[in-house]
Amino acid sequence: MDALEGMDETALSDTFRTIAAEFGPDQAGLETAIHAFDAADPASARALHRASEPRTQELLRRLNQAPGGTRSLVRLRARLLKIAKSDPVLRALDGDFHHLFSSWFNRGFLDLRRIEWSTSAEVLERIIDYEAVHAIQDWHDLKSRVSSDDRRLYAFFHPALQDDPLIFVEVALSGEIPTSIDSILSPDRVVTRSKDATTAVFYSISNCQPGLKGVSFGNFLIKQVVEDLSRELPDIATFVTLSPVPRLRAWVRHQRINPSDEEMPRQVAETLQKLDPDQAKPTDDDALMLAAHYLVHAKTQKGQPLDPVARFHLGNGARLQAIHANADQSLRGQENAWGVMVNYLYDRRDIARNQEDFATTGEVKFGPSVRRLLR
Amino acid sequence: MDALEGMDETALSDTFRTIAAEFGPDQAGLETAIHAFDAADPASARALHRASEPRTQELLRRLNQAPGGTRSLVRLRARLLKIAKSDPVLRALDGDFHHLFSSWFNRGFLDLRRIEWSTSAEVLERIIDYEAVHAIQDWHDLKSRVSSDDRRLYAFFHPALQDDPLIFVEVALSGEIPTSIDSILSPDRVVTRSKDATTAVFYSISNCQPGLKGVSFGNFLIKQVVEDLSRELPDIATFVTLSPVPRLRAWVRHQRINPSDEEMPRQVAETLQKLDPDQAKPTDDDALMLAAHYLVHAKTQKGQPLDPVARFHLGNGARLQAIHANADQSLRGQENAWGVMVNYLYDRRDIARNQEDFATTGEVKFGPSVRRLLR
Amino acid sequence: MDALEGMDETALSDTFRTIAAEFGPDQAGLETAIHAFDAADPASARALHRASEPRTQELLRRLNQAPGGTRSLVRLRARLLKIAKSDPVLRALDGDFHHLFSSWFNRGFLDLRRIEWSTSAEVLERIIDYEAVHAIQDWHDLKSRVSSDDRRLYAFFHPALQDDPLIFVEVALSGEIPTSIDSILSPDRVVTRSKDATTAVFYSISNCQPGLKGVSFGNFLIKQVVEDLSRELPDIATFVTLSPVPRLRAWVRHQRINPSDEEMPRQVAETLQKLDPDQAKPTDDDALMLAAHYLVHAKTQKGQPLDPVARFHLGNGARLQAIHANADQSLRGQENAWGVMVNYLYDRRDIARNQEDFATTGEVKFGPSVRRLLR
Amino acid sequence: MDALEGMDETALSDTFRTIAAEFGPDQAGLETAIHAFDAADPASARALHRASEPRTQELLRRLNQAPGGTRSLVRLRARLLKIAKSDPVLRALDGDFHHLFSSWFNRGFLDLRRIEWSTSAEVLERIIDYEAVHAIQDWHDLKSRVSSDDRRLYAFFHPALQDDPLIFVEVALSGEIPTSIDSILSPDRVVTRSKDATTAVFYSISNCQPGLKGVSFGNFLIKQVVEDLSRELPDIATFVTLSPVPRLRAWVRHQRINPSDEEMPRQVAETLQKLDPDQAKPTDDDALMLAAHYLVHAKTQKGQPLDPVARFHLGNGARLQAIHANADQSLRGQENAWGVMVNYLYDRRDIARNQEDFATTGEVKFGPSVRRLLR
């Protein structure tokens, strides 16, 4: 394991290639199992499954037995992902990592911990490093995010990675649904006392381990935090996000070049035509109208929402509750979406049904204010 | 999960059968993958592996997400094993549990803990319950086994099972290699001070979780304890077991009825003929000669030692160091092996080579005193 | 410190005597301070206090700096108490220990911990050893007392004594005020679920450290447990003891020989005359009448209740709620009080007032059923 | 307690005065005890001690029983010290606090903990706040001081103050005795690996609790750290400080105005005469000569070293090993001592003897290089 971790990129790339080539399934055994396969005999299917298992699986299981093995494997996969990019052989090898990690990092093995000011500096420093949405300025900012009475920070940990979090969510407690990120992040805000709060706002979710890409924790994290906060502060009735719309302007830009065939309300189509997103900022009304259309109707080939954040929250059972213009003055917020932000609402009574509907029909649930924007 | 755990044996058996029937691999997908298989295309092999995965795997991974899920699944498999017995359908389902558990209970996820008198009574009570070799009489006996200066007890734990051990080993510290179990268990023994000890004796190893049958921990446990004890007490130079020979008499009985074809020293053959194990006890010399032959030469069809304890330790890289007559006066010791016991020696310099040789050629390594018995 | 702890009784007794003789206050300094004392000058009073401090105090403070010092000093005082008995010199030395221990073992430095089945066996074994009221039969009995849903056990710990408790109380949760100890201790009792309980019964309080004699913890322990239980189980409205009357028969015996001068209801006087406590058991009615009179009216020279258990609970602010005949079938219960037991009631609304009244006027508060017995 | 803590300075000052006036010893009892005092009767001396105890002691012991009581009392004394200054009544009250705190904060009740990067941010933030000698710049600087391989930080804690340290010492591991503070604090220094270190340098000691003024922990802290480091890193043979000389220039200034009568080497006297410390910086040789004389010979009226840092380390059994010019370029270092710094050496073989000699004769032990400076 030390040898693997010590390799430079070239050596590691070669080694990955060798592994991919040498540790596929046992060819002879696999062909035997295929010949022996009999649709009427479940045992033959299981034998086929065993025979087709790439030997990478056993290799990774053995490497995992070394002290600190899991941690090393997660780091190795992070490097593999960088090297692999679109190389099909290495991507297949990455698939083998992903297959095993999905099983090992099952939610049943994860601990939810609240991160506080009494938490070890080692963990807190990682939180600063890993925050990917709204950067933590310094230790003072961090202290406020973990110990101010109107703030919570929760993270998932896996025992084999000990004090290195997998994912975390930052929560603001408030008396209302926020319409701009500044109202949350401002150090001058009026602090809502936790016992007076009616609303919990998920304002930042960050994945921490590039080596665990594609293993999804966010869904479980949000649900568990909703659960725990409801128990601790029963007066909190509303669980909502304040989320970015990372690809809004990119979509507008793309639409002007390759307009999609889909039917589109005339007003949306006209606005798309007249608006050059690299020249002028749309009016607030136009921005909201475009965002609403984009979030509800723009889909991938597989019929999923084009916007990754929308895909995540709608897939988890949230609904698109509201869209706000001028909600994010940061450079990134302006560049990605002219400052438009979104509330996704987690209503405990609807989560399961929304999730089911979304999974089966792709239906996007939205609130009345979004409905008006769509007209 | 609660529903499953609440079922009586009949209902559970039916449910297991339903699962086995309904959660095999997706038949259509599997056949497609078989048709698409191309030996020259590794991607097609991986697709076949995915398609052949029994959907039980995903079912179990989902069930594991419930609170306490892992614990429940381990209990369910224990019940499945009881029900399944020789039923091929249920044994196949058990294979699916085993496949997943082998991955989840990878040594990389286990903690070794020393069990002491300061350990929680909850854990200690389980040790009493789980001890399967030399029963712990009461809390007084337990206290001596965990806190006497010449005793150690180490256990493996998995984070998802928290305070429920998977396997544990009991160690006696001594100034010499023991030749009888009574010299170890006797409350009247002279206690060797740990700092004066030269020898660590593994005198009892117990698996705790019937639901983890077939997932092997013992090998790792012994090696880790050898490692840890060497560091703590550098004067300990000898690591040895004092082990039973559970099937010696059964083998003798069987040989009289179905003598094996294998070539056998004349003296062994004659002794086997003249000895009726249900009538008379052999002389010590005969018992030792028979035990040596049995342990070194008696093999399963796959060429493994017939004796399960020998199989375990030799497979771990130990060698058969010595055989003792009259070493175990207990009823079980007499019934199984006329009181014969064995030292397997773990020599840190030879473990890796022995293990390799045993795995490839089946060669059983033994010490000079055993060599003399085999002549 | 090791030298002191290693001494046999004779050597230790000599050493204690030497300390008592050599480590009194500095005689010259003390006389100077007395001469310099000026009632109008507070500084001179403080100087006098400093000058009169026995140098044992500084000696003990220095001994306490040794590793494990506090633990050793507590053990030494336990031995001193045994040796001292009525020897005035050693009793004065014991007074010096007591003075310092009262300050060091201030309630502000104590931790209340609930003892459970997950507690370390080391602590639990001490609980078995220390239980002084209703002996714990074995580990099975202990397990029931700490982990049955209708049982609680709380102890005070001091950081310097780590896992060695100072005092503990055992609590039974119930649906009613108990009238006999058997209804609590019986393994065949119907277990009240904690969430259904309305009454918490303190049925056993044990001091653990003979070396801390005279440093009182019980009062704080009971109040803290009342506090904690009220918060955890708000449906518990009644906090009550089931207590022995350890000196009832001794008092009756003494009254027959040395009748007290106090005025006494005729019926009590007559019963005392006719009853030979070593010959016959009184009727239940007589036993109750005598107990009521004894508990409410029999006093020490200082005007405190003669019965030590009554003194403790009444001094803590409880009231004498009820008296039960045939409540304790144990040998000790019969020998001390013909099986009579008592409920002292801790009513949170009255505790402070009762305690105040008792401290100032010696008034014993009692319930209506006791009032009837006193008529 | 809350009422006391909530008071502003005026109200608190009044309250302190009232307490000082009302909670002195019981006047009548005290006079009785004085009259009853009999030099031949130890019991009468003890009675006098009891009678002369200011009732503040009992008051403080009662206040300490409140939740968080100890912490509050320590804070209150910090405020008392500020208010008291030279007011004799309040200083007498402060003496009562000091008397009790000296007993409560006995070394036997303190825990030594190593502070690391895995320590809670809450504790680490306090370390930043409390560092009084060489300010910690930011969290990056802190991380280096607690987790660089050549750095250690140890603190004493009291259980009743939980995570609030009492005192801490910062240690640099090195291959040699340092001659300037910059060589220690510089981020560009070559990091000595802990296993290669031969020398442990105590370069900063900070008291944390103004409310514990006069209760001394430093002596015990250094000895315990010497003990612990010796065990962990047996190759460390030299334990030494790098300390400031806070009053050197002040002493020179004072000597020019009020030359002391003491006999003085001619060269020292001449240098003192010609040197105006507010005008010119002395040559290195002159600075070293003056410092040597000051540290070894300048004494308080009680015969203690005038320099407080010298008093502390010499009183602990260290010897004055070496004096360095230009060792501290900081403003404070220049203003106090023209940058002169000192090594005090803790030689485990001599500590006890040095301490004894210093306590009885006031003798200052010094090394050969200091001897040369004194000629």
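Think of it as A, B, C and D in the order they're written, each chain with its own count starting at 1.
As a convention for this text, contacts are C-beta pairs under 8 Å (C-beta built on N, C-alpha and C of every residue); 3 or more make two chains touch, one makes a residue touch a chain.
No experiment lies behind these values; they were computed from the predicted model shown.
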item: For chain B and chain C, chains touching each; value: none
item: Mean-CA-position distance for chain D and chain B (Å); value: 61
item: Whole-Å separation of chain centres (CA-atom averages), chain A against chain B; value: 43
item: Per-residue overlap in chain D, given as positions that touch at least 2 other chains; value: none
item: Pairs of chains in contact (touch as defined earlier), listed by label; value: A-B, A-D, B-C, C-D
item: Touching residues (chain side chain A, partner chain D) in the complex; value: 117-122, 124-125, 138-139, 143, 163
item: Chain A - residues contacting chain B, complex; value: 20, 24-25, 27, 30-31, 34, 37, 39, 42-43, 45-46, 48-49, 52-54, 57, 61, 64-66, 69-70, 88-89, 92, 95-96, 100, 102-104, 106-109, 159-160, 220
